[in-house]
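Two complexes, one shared chain (chain A), two partners (chain B, chain C).
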Partner chain A sequence: MVALETAVIREGETSGQNQQRLELAALSAPAVLFTIGMIAFPVVYTVWLSFQSFSSTGKQSFVAFGNYAKLISDNEFWHGLWVTLALYLLSLLLQLVLGVWLALALFQAERLSGIVRSLFISPFMMPPVVAGMMWLVILDPSLGAANYILTSIGLPSSDWLASPTWVIPTIALIDTWQWAPYVALIVLGGLQSLPPSVYEAAQIDGASPFKTLQRITLPLLLPTIVTATILRSVDLLRFFDIIYITTQGGPGNASNTLNIYGFRAGFEFFNIGYASALMLTLTTIVFGAVLAFNRLRGAVAW
Partner chain B sequence: MATRSIVAGFTLCVIAAGGVVSAAHGADFDWQKFHGKTVTFLANNNPVSQALLTHKADFEKLTGITLKVDTYQEQQMRQRLVTVMNAHSDEADVFMTLPSREGAQFAAAGWYEDLTPMTKNEVAPDYDYAGLSRALLTAATYSGKLTSMPMNIEGPVLYYRTDIFKKCGVDQPKSIADIETAAKKIKACDPSITPFVSRGLKPALPYTFSNFLHNMGGSYMVDGKSALCTPKGKAALDTYSRLLRDYGPPGVVNYSFPQISALYRAGRAAMDFEASNELRTVMEGGERLQDTALIPLPPGDGGQVPTAIGWGIAISAYSKQPEAAWYFVQWATSPTVQKMMAVQGIAPPRSSLANDPDYRKWIDEEPVRKQWQAALDVLAAKGASEVGYPIVANPESREFIGQAVQDLILKQKTVDQACADADKALNTLIAQK
Partner chain C sequence: MTSMPVSDAVLRRLNTLQLALAGIIIMAPVAWMVLSSFKPSFEVTAYPPSLIFSPTAENYGELIKTTPFFSYAVNSLIVTVGSAGIGLIFGIPAAFAVSWTRISWPAILTLAARMAPGTLFLLPWYVMFRQVGLIGSYTALILSHAVITLPIVIWVLLPSFDNIPRSVFEAAQVDGCSVTRILWRIALPLVGSGVAVAAILAFVFSWNYFLFALVLSNGDTKTLIAAAFNFVGEGSTQWGVLMAAATLIALPPLVLATLVQRWLVAGLTLGAVKG
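Our next item is the complex of A and B:
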């Protein structure tokens, strides 16, 4: 009798649960459909496009992995990959070092005035196109302010964005100007949430400020720094806007990142199939980097 | 309901009135035929469309058509066009196009509506189709199809500073070699001045380089092969890149028309080889009005073969209302509108307007405008529209020309290496179908 009752109750529960599940499914359907429509479909379509070849008149034919084979033998692809990674590593390093330093400096300041805070976040609130145009004018070798300042204090002028040697460091500097404050804000949030007891203990033990930073602050901040690294990595690996505004991949091909290369291949030269193969390769790289950093975040969590 | 019938009645009245007006002109052409329609125009935000669109209200009043304008900078406009066309969308009825660059490509892709029948059957009596530049119409014709109507005529011309030339004892250049001699003298006489400036930006420089190549007797293709490594091709690459490297501004590899015009207008350059369309920009503020002279690029070993191209206005093959779109195209390229644009500094692709009294009056106001018109006359008479390779993949061919010149400006290759690398890549491109 008791067993039967339990069974009946369970059955009632199960059908109730089923209905609840159905309701939940119905409620989430719009979001799922939206995700499929806006993310899954474009990705699958790009995969399909990457197996096609388009002639310059737009006629298409199936070439299977032909575009990927072309990619491996394409010097410009390897050069683009190199440029992408060089720009990524340089910018990331600059932004993390400067961002953490800024955060520490701000953390010491008891109170920040509204104006300072606004100034602080203004670079990354600025549309990249505006930032790019602004720096293009400042860094113009003939008419720009940068060389004027350099020469007026007796330093030699630079070609900045027009020099194949200096174009990558210059773009990295522009991006750092724009995004280091963003990293700083994230790190500042991390700093404010650190437990004060650890610092008190360190103070009692007579640790020097440098030792405190080295042994306590930085290790405890690592999860926050890794989060900032992930956020910046996604942006930096598919770096596009500022380069497109300032150099379009030049001079020559000195700043031709994979994203710029793919964009031009697709939209300027109509090689949609090859551009899709390039973009999927880049997407894989970005995805791989994010996965790796996510693992790292797990390892440094406390 | 009532409102709708009133509107319909009003529309009918207007159409009827329009009919009477055109009947009064003694032809069966009716500007109000497509009253109430909306035509979308994808425009490149350059001086040509800017001048045209100042008269937008006139068009809407004349035809009763609503003109919806989508304006972008040149590259963005083209990218929008590629997206719209690949989707076979009717979002753009009319768009601006450069036949010399993308004509063969867009025509092969089937993006242009053939305008030939419309120019024959649907024209206002005063359109004067025969008055349009033959050369530009031919340049826009592919496999017998007329793909766009010419909006203007333009080409690179040499702007130079008469005061600096006088101060440094330099005469007006009579040949390409003279340009270099002049640059050398100016460099020695006043080191603060940039002696010569022209395009160094990779995709942009074929526009100016082509004129050097043709004047020096070179040609992009000989017997179906890329010919940059011929002696004349090499000489042109060498001269153009040397002028920019030795006498151009620092960072010239990133220079296109905005930087060039800004430098010249600021009084920092003695010679400026740039588009005739830039006259208005260069003269803005009036500082250069009195000290500037203007000539076509002087001849080289191959004589004088100026580059003359023009923007065209085309109808999309995917437009659902090509007839209404044609009314806009026709209006935009009519003698009346081109005359209004001419006094705004847009050189008309119609020789008949050169003698129009209003236009002449505008020209005569400033000596530099007279020289500008004289240079344009040379362009119209002798001009060639070949900018980059005469192949379907013309836009991509410009990349390799640009790369060769930049390699030389930056001293990354010798002339032999640069032209050989370019020829190799270009021959592959030519072989692609």
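Our next item is the complex of A and C:
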């Protein structure tokens, strides 16, 4: 009898657990189905599209790895890769250095008022497209305020976005204006979570502020900095908005990043197959960077 | 040794100074945009640029008269509210289930969508939506923008749900509450601020998103951000009107973001940093 009773209770439990499992599956089902329909299936479809060639009349033919072979011999692809990496490294470096510097300054100020915080979030909460429009007017080579300020303090003026040499540094500067405050607020979060005891210990040992920063604060901040690096890498490697609104990849092809190149190949020249091969390559680069940095974050964790 | 407090005070003042400088660099371009939008048309392209002028609203009037700005704004609102709504309706239960079961692959799958370049999805969507005649429809725009909002909602809410002590749920289960009931009646009210942050971030990122509407919208469904691309092309000489458009487009996300500024950065790191 006792055994039977336990069995009944067990059965009741497992059917309750099954019920619970079903309910949990039902709760995540809409999101999972949406993700399969809008993301997983389309990506598989992109792989298939990347094996196709589309003629100007829209006729499709199977070319196997033809698009990838074309990619390797396409100078514009290698140029796009170079532009992407140059813009990425320059922007990332500027944003990390300025972001950490600003975070340290904010941390020293101790109390962060709502106004200061609002000030810091406004650049990256405004649409990148608006940031592009705004800087387009400020950086106008002949009538812009930026050149007026430069020349009035005796510096040479620049063609900014209209100069093939300066367009990449200029776009990096615009993006840094938008996102260095974001890096700063992330790093500030890291600073605030550091245990105060380490500073006290350093102070008792008579370490100079610079030494404390170099030997204690920065190493302890590394995981946070790597996190910020991952978040910025994802956005910077697929850079699109500011470039498309300001230069569309120009002047000439000077700011033609892989994402811009892929977009134009697909939607201006309707070379969908080739564009798919391009975007899969870029996606592999982005995910590779994320995985590498994620491993680095594991290595510097404490 | 007695000089220490003095140098401390000096350091503090220097720190305030560098923060003020940073604040000016952050705000000056925005201020210039807003100022330019109120300048009379002959003054906005004046060189040297003028700081003192008699402000006018003529650029805003011109913008509304010469472009269908208002219907673009309505389009933006439809797409943004629709996609944020889908993000919340699908994302809230999914985040709860992931937090409960610790089976994280659904969340990671949506995160992958957040990291891949948008053009990767846009190419197959374009082919698929064209086949079913959905190019230019609100449906296509809302669905595509929901790909942006869903991971935001899930990853903002995951840590919030994780923070609720398990014992709260267990007590409810003993009382015979089903999982679904626990979510809506117990867990959701406990993560109210998280839902507010998720909703606002979903709204802001959907509003700001450029790429999808560039291809999937048509003249009738064009969002403000996609229309901005045309404003730049047409308004190359009309800076005042262009800056009026820029100011109006930036206003909704900036106002909303200010409301949740305290929790915003932790939400934006997709769970990587706890505020």
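Note that in this section the second predicted complex is superposed on the first by the 274 of 302 C-alpha atoms of A that agree within 3 Å, B and C clash if a C-alpha of one lies under 4 Å from a C-alpha of the other, contacts with A are read in each partner's own complex, and residues count from 1 in each chain.
Keep this in mind: a contact is a pair of C-beta atoms (placed from the backbone, for glycine too) under 8 Å apart; a residue touches a chain by one contact, two chains touch by 3 or more.
All values reported here derive from a predicted model rather than from experimental measurement.
**Student:** Looking at the overlay, does A:L191 come into contact with chain B only (first), chain C only (second), both, or neither?
**Tutor:** After superposition on chain A, A:L191 lies in contact with neither partner.
**Student:** Please work out whether A:A40 is in contact with chain B alone, chain C alone, both, or neither, and reply first, second, both or neither.
**Tutor:** Touch partner of A:A40: chain C, not chain B.
**Student:** Regarding the shared-chain residue A:L71, is it in contact with chain B (first), chain C (second), both, or neither?
**Tutor:** Neither partner.
**Student:** State whether chain B or chain C is in contact with more residues of chain A in the superposed arrangement.
**Tutor:** The larger set of chain A residues in touch belongs to C.
**Student:** In the superposed arrangement, does A:F267 touch chain B (first), chain C (second), both or neither?
**Tutor:** both
**Student:** Looking at the overlay, does A:L87 come into contact with chain B only (first), chain C only (second), both, or neither?
**Tutor:** neither
**Student:** For A:L96 in the superposed arrangement: first (chain B), second (chain C), both or neither?
**Tutor:** A:L96 sits against neither chain B nor chain C.
**Student:** Touch test for A:I225: chain B only (first), chain C only (second), both, or neither?
**Tutor:** After superposing on A, A:I225 lies clear of both chain B and chain C.
**Student:** Just checking: does A:S142 make contact with chain B only, chain C only, both, or neither of them? Give me first, second, both or neither.
**Tutor:** both
**Student:** Once the complexes are superposed, what residues of chain A are shared between the chain B interface and the chain C interface?
**Tutor:** Touching chain B and chain C on chain A: residues 142-143, 267, 272.
**Student:** Within their complex, state which residues of chain C touch chain A.
**Tutor:** For this pair, the touching residues of chain C are 11-12, 15-16, 18-19, 22-23, 25-27, 29-30, 32-33, 36, 45, 47-49, 86, 89-91, 93-94, 96-98, 100-101, 106, 109-110, 112-128, 143-144, 146-147, 150, 154, 178-180, 183, 204, 207-208, 210-211, 214-215, 225, 228-229, 231-232, 239, 242-243, 245-246, 249-250, 253-254, 257-258, 261-262, 264-266, 268-270, 272-275.
**Student:** Over in the complex, which chain A residues touch chain C? Could you list them?
**Tutor:** Touch list, chain A to chain C: 19-20, 23-28, 30-32, 34-35, 38-40, 42-43, 45-46, 49, 102, 105-106, 108-109, 114, 116-123, 125-130, 133-138, 142-143, 145, 148, 152, 177, 181-182, 185-186, 189-190, 193, 224, 227, 230-231, 234, 237-238, 240-241, 244-245, 259, 262-263, 266-267, 272, 275-276, 279-280, 282-283, 286-287, 290.
**Student:** If we count contacts the way the header does, which residues on chain A are in touch with chain B in the complex?
**Tutor:** Residue positions touching the partner: 55-58, 140-143, 157, 159-164, 246-248, 250-253, 267-270, 272.
**Student:** Where on chain B does chain A make contact in their complex?
**Tutor:** 75, 78-79, 82-83, 86, 105, 108-110, 194, 201-203, 249-254, 259, 262-263, 266, 268, 392-393, 395-396, 399, 403, 406-407, 410, 412, 432-433
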